């Protein structure tokens, strides 16, 4: 049983069926197909954003880097969490797509960025042309630690940004998990709270390979179409992406999958936290559990074939456990039973 | 019936079945899965190149741009045909991935680049640091005009390159069509003839979205893995790419699909060339037909619902007709019947 | 005697005196000094352009590449003469500064670009996202062949550009020579004729190292200040640049130097063209002479120690002779005497 | 009197005389002149490095960014002090020149980077392709806070780097001040201690605008010549740079100027530190003084026309005072007298 990553699952049955159904007859290539049209409409409907510019790509790194490239000049400063995926896990993709912008980490505040730190940074006058000028803030929702920014948190951070001329990007690789946790309208936690561009993930939550770049303010999108093409992210058979995203959003699949993953993570979290010697490092708000367990428990689980990350490398005991659309209740029960037996 | 592009077809049944079969159980993400391993082995076997570095991506533009980025410094000159896809149809992707290298067109010689022109260019001493230094040649096989470079042609061009320190890249978006036409071993028309890096296409010939960057000389590949990642082309669910490429190559599907497409193009070409007023602009060597037809024939075909490109824009009569794995004999017959009736 | 390049001369006495005069007392660095202020004012006065944005740099390549980076997105197409300095002699600097834009050569028409060719190119509809979109035209004034575009020529070319949404850049490394030849107001051949950004050269015409990027439409300049800095072209001791440009423009030195250079070139051209077997390849309109001379004459001149370029490499007989502010009448006379003796 | 920056002074008389002396007769452009040859020889002699590759540029930002571009792939990680000039004051120039590498700050340890922090970072295994791979460390000598790394410190840091495959760059904008303070051989604190590439500054210490990129291991230099050109940093009149650097190094001017500046800073530091309420923030080891003074003293000094930076912005009382080759003993005495009167 694999708790290492929400990428370890194959696509879910509904997405696979949608792709298969799209394999019918000729269609114009490069996104000029009916499935892509449906997908764009579904994104706009989901976000109550009829004028949003929407482009589909195959990876979250591409979505993030393209989105950021719309929000900063090549010499701009983009602020982020020090463990943000864009900073730590994308091998300098944002720097590449932006043409050399600087990603600058804000302090880590229990897994999030804090408005106080951003406010303090923005209060310091910039040193003229010597400093990379403020360009954007990027937030991850849900965060790399499975935390969820509330509507007020996003609005406060975005408000500071807009007051100082910065744009706001949201890395929503696990956006569905955040919305399922918050129970709010997707618009409330994005454009209504001040988010300018969203990377809307599907790959971690049931798709084969599909993410949307969503530009809520279309005046910020003029370069998106060309930037996607020159990055090699315009698929010739656009229907492959379109069919996935349409199926993901049209009838609520995205939130059903995410709610299931969140529930499985909550169950894991509660069960493990009750063990002697266990220490939950972050509250479990979405589909990831960060918990420190006694070394014999961790070793034993590994010996029994359970797959997960030791977050700080071999021999360490802080675990990241990720639940997904494909995590079975029986998987969770088996894991908890084994852990209890080892504790 | 759609003759506009080999991208207009969905994936072929064998590829779709392979992807579906791969949707089973967890697998480690980011290409660390058994399907990717099989795909790499299949590429190496196909090319009798056991040490080749192979990476899978979802688009031909990504494969070309990544491949070129291994062969030129950011200030290098890459020579190409003036209508090469990398020059005309990739929205400056090679410039982006290489960090600013110059693509410089050689003269068009009936749809190909000619060794004489390359030799003449290389015979001129470079003007020191002012000029972008020679870095690479890129050839398209089969070409944008459906022509096929013979083994001797590639060897002569590549020999000139290597004598002058240039590397050789091959854009093989339609490589299968070229090999099916030549009937040679894949190795003979690539590394044995001097090709350093190949973009091996599958998307136009049966896959959903899959191409391989094949680096025959692994000493030229050290940056490939990181360059793919930072371009957002490392898919999290690597099995989606691996399953396609494995199915494409393992049992000859790639050549069966290509041979069929070539045969359909040949039939179209022969039938249309026999019409009064028809003028074949290039010989039909792979799966594309470039033919000038009388305006009433063209208009009539369009009016009957046949889909194809007027190559020089609306109102012009030079047609590009592309056959693919999915082109039916009955499609070809219907097209030819209609053309004959109109002629 | 050196006719190889207008870069072979040291700075002229007036410029040297101005730099020495500026070496007095402390001044705020990074362009916040009175000499830079004077230089900016002098540029604005010279061009009757009180709102122009002006930045000084040390090289023409920097000026050109910075100027172009304001006029194209990183995926745009910039059209130029096939032997333009930006295309042939700047080692891909424009590609670097623009982040990967494509420089695309127009046909050579007797050393210039022609409006008919540009019009034909712009009349073809672009192929959507596949093609690098039209962004700008760059003209060289005077050209690499010592030719001068007339006011009407520039206006026609620029008018075509603006009608199709392209911006216009002028490489004015030898702008002074062009204005001295045309006898027009600097404004007439630049912004009044539709030029958006000018590289105004001084280094070839008397300065040590100084060029100005002049943005006539300040709405196009917002990134210029930061782009100059991040390219390492903001000198700490700004007065070194400011003193040169102020001295160059304030009392007409730029036109005196250029008129002298043009006159020396005209004298060379007339004298050489009268020799038997001589063939002037381009009319001599500014400070460069392109002339084919009999091989014995060329060999003899070289043997006598005259320095010049054989334009097509060793052994060829098409010469480029460049006159400058420092070319003496006696140099020209000596050269002509020697040539006549050899003819 | 200006203590704001060592850039506030004009060039020193010796450098000015050398430039004037170079303004004699024609010379081949683009660095093919005798002064540049002398400068390169002088750098090699100074560093006992006869095979070093040396290129001259006009700014420190250019030297740093070019140097780093030789030491990292476009997706590499370059570690630095969080207040390093390359990180804070070059408007993303390193990111630009490297094609998108990441500058990653190490912790600040009293104004330096510490070997323990670097060792800890390098001890963590990298997360495969997701992380920007380790590429280089850059040290500033003397640092932004006027501190000097000892030979052992550099050797320890560089040893760690080389053990883990990282290269070492040194930003030597104030290298002369460091060598004057250390009293060591230039080779001892650079290549013998493990430095691969040095930015050797002259602009802050007497030159108009001149820095050298010094590549001690010439196998790391193959791209330097072209990279300088495409960045617009190859001056046409190379003698302007060559004459400065030759005069700077050939007879010890660089160390005389630096020793004077250091002595003036030491005198300032000692005098101010003795005032009631004064607090020296960093020891004064080179030519910069960082000292906190009572607000009335600071206000009074400003009111009397002394020019300096309040380091943390208007109203703050931590001052940076910079002495230079041009700082007079009478300037220092006047400043100290005024401060004492105000204290």
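The chains carry the letters A, B, C and D, assigned in the order they are written, with residues numbered from 1 in each.
Here is the rule we go by: a contact is a pair of C-beta atoms (placed from the backbone, for glycine too) under 8 Å apart; a residue touches a chain by one contact, two chains touch by 3 or more.
Just so we're clear, the structure is a prediction, and the values are computed from it rather than from any experiment.
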Q) When every step has to jump to a touching chain, what is the lowest number of steps that links subunit B to subunit D? A) 1
Q: Kindly list the shared contact partners of subunit B and subunit C, in label order.
A: A, D
**Q.** Far-end chain from subunit C, centres as C-alpha averages
**A.** A
Q: Just give me the whole-number Å value for how far the CA centre of subunit A lies from that of subunit C.
A: 50
Q.
So the centre of each chain is just the mean of its C-alpha atoms; given that, what is the distance between subunit A and subunit B in Å?
A. 34
Q.
Taking the mean of the CA coordinates per chain, how far is subunit A from subunit D in Å?
A. 41
Q | In subunit C, residues with contacts to at least two other chains | A | 30, 74-75, 90-92, 95-96, 99-100, 129-130, 226, 229-230, 234
Q: Name, in rising order, each residue of subunit C that touches subunit D in their complex.
A: 1-2, 4-5, 7-11, 16, 19-20, 22-30, 57-63, 65-66, 90-93, 95-97, 203-204, 208-209, 226, 229-237, 239-240, 307, 326
Q | Of subunit A, residues touching subunit C in the complex | A | 30, 73-75, 99-100, 128-130, 133, 223, 225-230, 234
Q: Write out the stretch or stretches of subunit C touching subunit B in their complex.
A: 74-77, 88-92, 95-96, 99-103, 124-125, 127, 129-132, 313
